[in-house]
Structure formats: C-alpha cells, structure tokens
Amino acid sequence: MSNRYQKGLEQLEIMNKGSYKILKESLDDIAPDLARFIAEFAYGDIYTREDLDLKTREISTIAALTAMGTAPLQLKSHIHGALNVGCSREEIIEVIIQMVVYAGFPAAINGITAAKEVFEELDGDE
Amino acid sequence: MSNRYQKGLEQLEIMNKGSYKILKESLDDIAPDLARFIAEFAYGDIYTREDLDLKTREISTIAALTAMGTAPLQLKSHIHGALNVGCSREEIIEVIIQMVVYAGFPAAINGITAAKEVFEELDGDE
Amino acid sequence: MSNRYQKGLEQLEIMNKGSYKILKESLDDIAPDLARFIAEFAYGDIYTREDLDLKTREISTIAALTAMGTAPLQLKSHIHGALNVGCSREEIIEVIIQMVVYAGFPAAINGITAAKEVFEELDGDE
Amino acid sequence: MSNRYQKGLEQLEIMNKGSYKILKESLDDIAPDLARFIAEFAYGDIYTREDLDLKTREISTIAALTAMGTAPLQLKSHIHGALNVGCSREEIIEVIIQMVVYAGFPAAINGITAAKEVFEELDGDE
Amino acid sequence: MSNRYQKGLEQLEIMNKGSYKILKESLDDIAPDLARFIAEFAYGDIYTREDLDLKTREISTIAALTAMGTAPLQLKSHIHGALNVGCSREEIIEVIIQMVVYAGFPAAINGITAAKEVFEELDGDE
Amino acid sequence: MSNRYQKGLEQLEIMNKGSYKILKESLDDIAPDLARFIAEFAYGDIYTREDLDLKTREISTIAALTAMGTAPLQLKSHIHGALNVGCSREEIIEVIIQMVVYAGFPAAINGITAAKEVFEELDGDE
C-alpha cells in the first residue's frame, strides 16, 4: 500500500468513507485499479492540497457535477461528502440553484432532485 | 428601471462592474434584453441570495465553467469576479486543478490558461 | 405574488400546466424559489416574448434538449408542451431525427425513446 | 455522383450554398468523403424530409448548436442558412435568448456573439 | 431495400446483430427511418470503410461514449459490439479507465458500471 | 523526483515529448503541480498500463476529444502523439470521421480541421 493510497484513505475517512466503500466493492472484481486511483489521486493528491478548505472544495464539486449533468450518482455522493465536512443543506441547495445561471434550469432541477434524495435517505435513517 | 435591475447593478458594482459594462455594450444593439436579464436575474435574483457567501459563489462558478469547457470568456470574467470579492489567486488555481478529477486534464489545463491570461492582464496594468 | 409570476402561471396554463404542477410540488419543500424562478423567468419573461411563435419555441427546446442529452425528464415535459401548443407528433419526431446531424445517433435515439414514452402515456389515457 | 448527393446539392443550393462550398474546399484534400456525407446524408436525406418546414429546421439547429456551445463556426453557418430560408434576424435572436433557460447565460451570450458577427458580415457587404 | 441498407445489415451481422434487432423493433412504430439511417449510414457507409480495423473502431466508440457520458445504453451496445469483433474484456476495461484522463473519474466509473452490466449479462447466459 | 514522475517522463519521451515540454513551461509559473500530475498520473500511471497498445490508446483519445469538442489544443497534441507512436494519417482521419455517428457532423468537421492543422505544420517543417 503506497503512502499516497494511505493518505487518500485517511482523507476519505474524513470526507466520504461510506461512498468509497460501496464504490470500491463494486469495482473490486472488474477494475480495482480505478478504485485505487480514486484514493491515491483524487483524495491522496488533490483533496489533501492546501489553499482551499474542504467545504469550498465539496461545494465546488457539487457545482461542477450539477452543471455537467452526466454524473447523478457522483453528485449524490458529493452531497453526502459536503454534509460530512460541515456544509449545511441550505448551502448545498444554494449552489445548485446558482447553476441555473451557467447550465440552465434542467441541470439545476436535476441537481435539486439529487439533493432531495440524499436528504430523504438521511432523514429516513433517523 | 425595475427594482430587480437596480439591485442587480448594485450587486455587479461589488462583483464585476467592468465585465458587465463591456458585455452590455456588445449586446446593446442586438439583444439588449439579454444584458438586462443578466443584471435582473443572475445578479439581482441569484447572487444577492443569502445562505452562501460571494467568495464561495464565485469559486463555484469557476468550478462549473472550467468543467463545462464551453465558455472561456465567461470563465475569465468570473476569475476577475472572484478576485474582486476577495478570493486569492491560489484559491482560484486550486479549484481549477481540482476539476481534473471531475472533467479531466484538458478542462483543467484550459481553465489554468484562462486564469493565467487574467493574471497577466492584471499584472500588466500595474 | 409578483406580476411576472402571475404572467408566468398564465403562460404555463397555455403551455404546460400539468408538468409545472408536478415540478412545483416536488420543489416546494426543498427549493421553492427554483419553481418560482421557472414561472417568473422561463415562462413569465422568456416564453411570453414576441418574435417567435410558441410552436417554434417548443420545437427548438426539444431540439436543444435532445442534442444536450442530459435532461430526459425535461425533454419529455417539453414534448407534452409542444403537443399542447399545437405541434404534431410528426413534427416532434422530425426535429429529433434532425439532431442526428448535430449530436449523433445516440442523442437522437434517446430523444425518440422519450417521445415514444410520452405518446404511449397519452394513448394509455384514451 | 449518387442521386442522394445530387439531391443534397440541390437542397444546399436553397439553404446554404456558400458555406458548403467553403467547407468542401477545406475538406477536399484531407477528408473529401466527410463533405460528401454532409451533402448526401445531412442535406440529401435529412433536410429534404417532409413534416417540418425549413425555417423551423434552421431555427431548431440554431437552438441546438447554441445550447451545445461546441461548434461556433457551424452555428454561424446555420445563422446564414436560417436567413437564406426566410427567418428574420429577430427570430434568430429570440431562439438564442431562449437557450438561457436550457443551457445558461454563457451559451446564450456566445450564441448572440455568433449572430452579431454574421449580421455584421452581411451588413458590411452592403 | 437499398444497396447501402443491405451492406449495413451485413456489417451489423458481423458486429452487433442483436442490439440492432432490438433497436429496430423499438423504432419501427415511431421513427423507422432512424433505424434505416443507422443501418445505411452508420454501418453501411462508416463501419465498412477501410483504413481502420473493426476492433479499433469499437474501442474508439467506447472511448467516445464513455467520455460523453450521455448515452449509457449505446455504450453497453458497443461493449457487446467490441466483444463480437474480438476485443477482450481487458481491452474494454483499459480504454474506459483511460478516459479518467480526458473526462474525469465519474465518466470512467459510469463506463465501468456499463461494462460490468454487460459482462454479467453474458456470464448469466452461460 | 518520484518514480512515477520519472516513469511518466520516459513514457512522454516515446509518445509526445514536444507537447509536454511546451505545456510544462506554460504551467511552471502558475500551476506546476498540474504539469507534474500529467506526467505522474496520465503518463506514469495510465499510458504505461498493459492490455492496450499505444496506437489504440492514442486513437481512442482522439475519438474522445473529437466527440467532446471542448479541447481543440489537446486534440492537436494527441494527433501528434498518435503519429509518434505509429498511427497513419489515414487512421487518424478515419476515427475522426467515425465520430459523426456519435457526436454529429460539427464535432467531426472540427476534428478534421485540427488534424489538417497538425499535418500542415508537419509538412511545413520538411
């Protein structure tokens, strides 16, 4: 296990332990290196960088995935991540609404739908 | 002049007075209502909302436009806007680099090129 | 209730009353302002503009959403809208097929699938 | 020369003779079959179909290319095409503005810029 | 039945007979010409061209559809096609992983999910 | 200098030494880590993987970048790369033409324009 992988797992522990575990299990029998690259590169190399706090990083990822509109599962995963690092539900909703301006209403509506599903899952756990 | 338009112009005064002036002039003889909608809706209705500070809003817009890759001029305009509301160059560069994870290397490289052009324009003004 | 909101609701009454009602209910407890912006801005400000008839507006929206490929639910909603303002099924199918030229076969096939689902829902109501 | 090619050239004669000539010349020494496919398939097979008039077809293409944001040269070519088949400048501007709703402000602004360039080229010819 | 259609059907016989049959049936009552264009143009005109072998063609299509992220059903169909013309599962997985570099992790993860579904369908048939 | 960086540089030596040198210099004063990630991750981790030969990897990248349409500079760089690892001009043109089927004519035309520029640069060097 490389240092970068270890560093990535520690970062995931803070940010999104649950989503990574599910993803890793689904990739393990077909493309295990892709799961490793996520830990090593995305979380070990990128999310551990300084100059931007984790809340801003997660909000920015939600903005990008909402605007792109091609990755609803990953958007939901990062809505979990944003909540885990201290973003409020209101902040998440706000950034999704803002995407109307840059990617149009359908992108924002689909982003809100993703947020709603995440919030309902969490509220159902209570 | 509607209240929303007035509110949008005041918000643009804080965020990106220069870019809007150029845009408005270029639209005035062909689609003046589009410039008005930007002031009224994007700046009057959206950017004045609470629940998210302006620095986070501008960083999120930079994230989205970098990931989309279809609006280099608007990306440059929002890099100006981010600096205007107090983001550091380092924060702007960081969020663009982060987009490698969600939109790939070409999107991030093109985003950095946009940032470099803005920074050089600003440094040339000194 | 603003004049723009009222104007938007009247426009939606003509164009797509049913879809907006469902959307509004799904947004009401999480992002009610997004539903309001749709009524005020998309329907109150934009679809009420002159210089383009509603049939051409809905066909154009179907073209764009088919080509983008990221908003299948909204595409279905606008296929309903197009029928409501007088477009024929043949016209809707034609514009989706035309998108092969600009966005490729998968985009057009997925657009036709959306149309087929709408037509079958409507025929099932008979 | 196939019947479909001949039919496509005749359709281009009506719609966009000038743009095709330039395109064909630029492709002739590298990918002449791509120019042939455009004549045969896009213009011979698709634009000659019934069930949708040419004005609506060109407006729909402008909508799609504005929303996609990845083909500014082709957008300009179809703005010429739209004018050639009888669309007014106002109709072209209207459909581009409408794309704010589905693809955001940057896409619409860039579409208007394309239209402005075409109109200025034409006015310069006077 | 045109020569091009016949040629396309023969090419589909080699590449992806099963997927085309399903697609054709779903289009037959709504847009039969779209199915015909796929056979004539995509398979009759394009995939029969020389200068690139079928394995490379299918791998390239998988790369493009993974990167675009808007056509998961067509991606699955071309994973079948790639296997039919002799690509190994490992080659398919490799090209999808490579798309991390150009379209980001979510696009690659969703591509792997498509491949996994195809492989499981095939293994379930054994 | 990490092993991965060294491995990436060696891979770039084979594939695209010239393009990386220019890119690295342009990033050195603003985002040097982004250049390092390209060497370490894209070339050190990904392009050195087995199960797919370099010719197929470069053709696949050309397919993806042509279809996406948002990265013309990177497309040109990979056309150089494809030639460097032994692809013929005919193969490059073929895969770009094939993208008509998945991303439409404008994407393919813009891809061919990129190829033409690269070929002319190379022929001008003779």
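Just so it is clear, A, B, C, D, E and F label the chains in written order, and each chain counts residues from 1 on its own.
As a convention for this text, a contact is a pair of C-beta atoms (placed from the backbone, for glycine too) under 8 Å apart; a residue touches a chain by one contact, two chains touch by 3 or more.
Remember, predicted model here, so these are calculated numbers, not experimental data.
Student: Treat touching chains as neighbours: how many steps, at the fewest, connect subunit B to subunit E?
Tutor: The fewest touching-chain steps linking subunit B to subunit E number 1.
Student: In contact with subunit A and with subunit F at once: which chains are those? Just list them.
Tutor: B, C, D, E
Student: Contact counts by the stated rule: is the higher one at D-E or B-F?
Tutor: Spelling it out, more C-beta pairs touch across B-F than across the other pair.
Student: Matching B-E on over half of contact pairs, by residue number: which of A-F, A-D or C-D?
Tutor: A-D
Student: Suppose you list every residue number at the subunit E-subunit F interface; are over half of them used by both chains (same) or under half (different)?
Tutor: Comparing the two copies, subunit E and subunit F contact each other through largely the same residue numbers, since over half are shared.
Student: Quick one: which chain's Cα centre is the longest way from subunit D's?
Tutor: With centres defined by C-alpha atoms, farthest from subunit D sits A.
Student: Quick check: how many Å separate the C-alpha centres of subunit D and subunit F?
Tutor: Roughly 30 Å separates the two chain centres.
Student: Rounded to a whole Å, what is the gap between the Cα centroids of subunit C and subunit F?
Tutor: 39
Student: What is the distance in Å between the mean C-alpha positions of subunit A and subunit B?
Tutor: Taking the average C-alpha coordinate of subunit A and of subunit B, the gap between them is 23 Å.
Student: Please output the residue numbers of subunit A that touch at least 2 other chains, ranges allowed.
Tutor: Within subunit A, residues 33, 37, 41-42, 49, 65, 67-68, 70-71, 74, 93, 97, 99-103, 105-107 contact more than one other chain.
Student: Chain touch graph shape: choose line, ring, star, complete or other and state it.
Tutor: Complete.
Student: Which residues of subunit D touch subunit A once you look at their complex with the stated criterion?
Tutor: Residues of subunit D touching subunit A: 67, 99-107.
Student: Considering the complex alone, what residue numbers of subunit B touch subunit A?
Tutor: Touching subunit A from subunit B are residues 41-42, 46-47, 49, 51-52, 55-57, 59-68, 71, 74, 88, 90-91, 93-95, 97-103.
Student: Over in the complex, which subunit A residues touch subunit C? Could you list them?
Tutor: Result: residues 68-70, 93, 96-97, 100, 105-110, 112-113, 115-116, 119 of subunit A touch subunit C.
Student: What part of subunit A is in contact with subunit F in the complex they form?
Tutor: 33, 37, 41, 45, 49
Student: So in the complex, which bits of subunit C are touching subunit A?
Tutor: It is residues 23, 26-27, 30-31, 33-34, 37-38, 42, 65, 68, 70-71, 73-74 of subunit C that touch subunit A.
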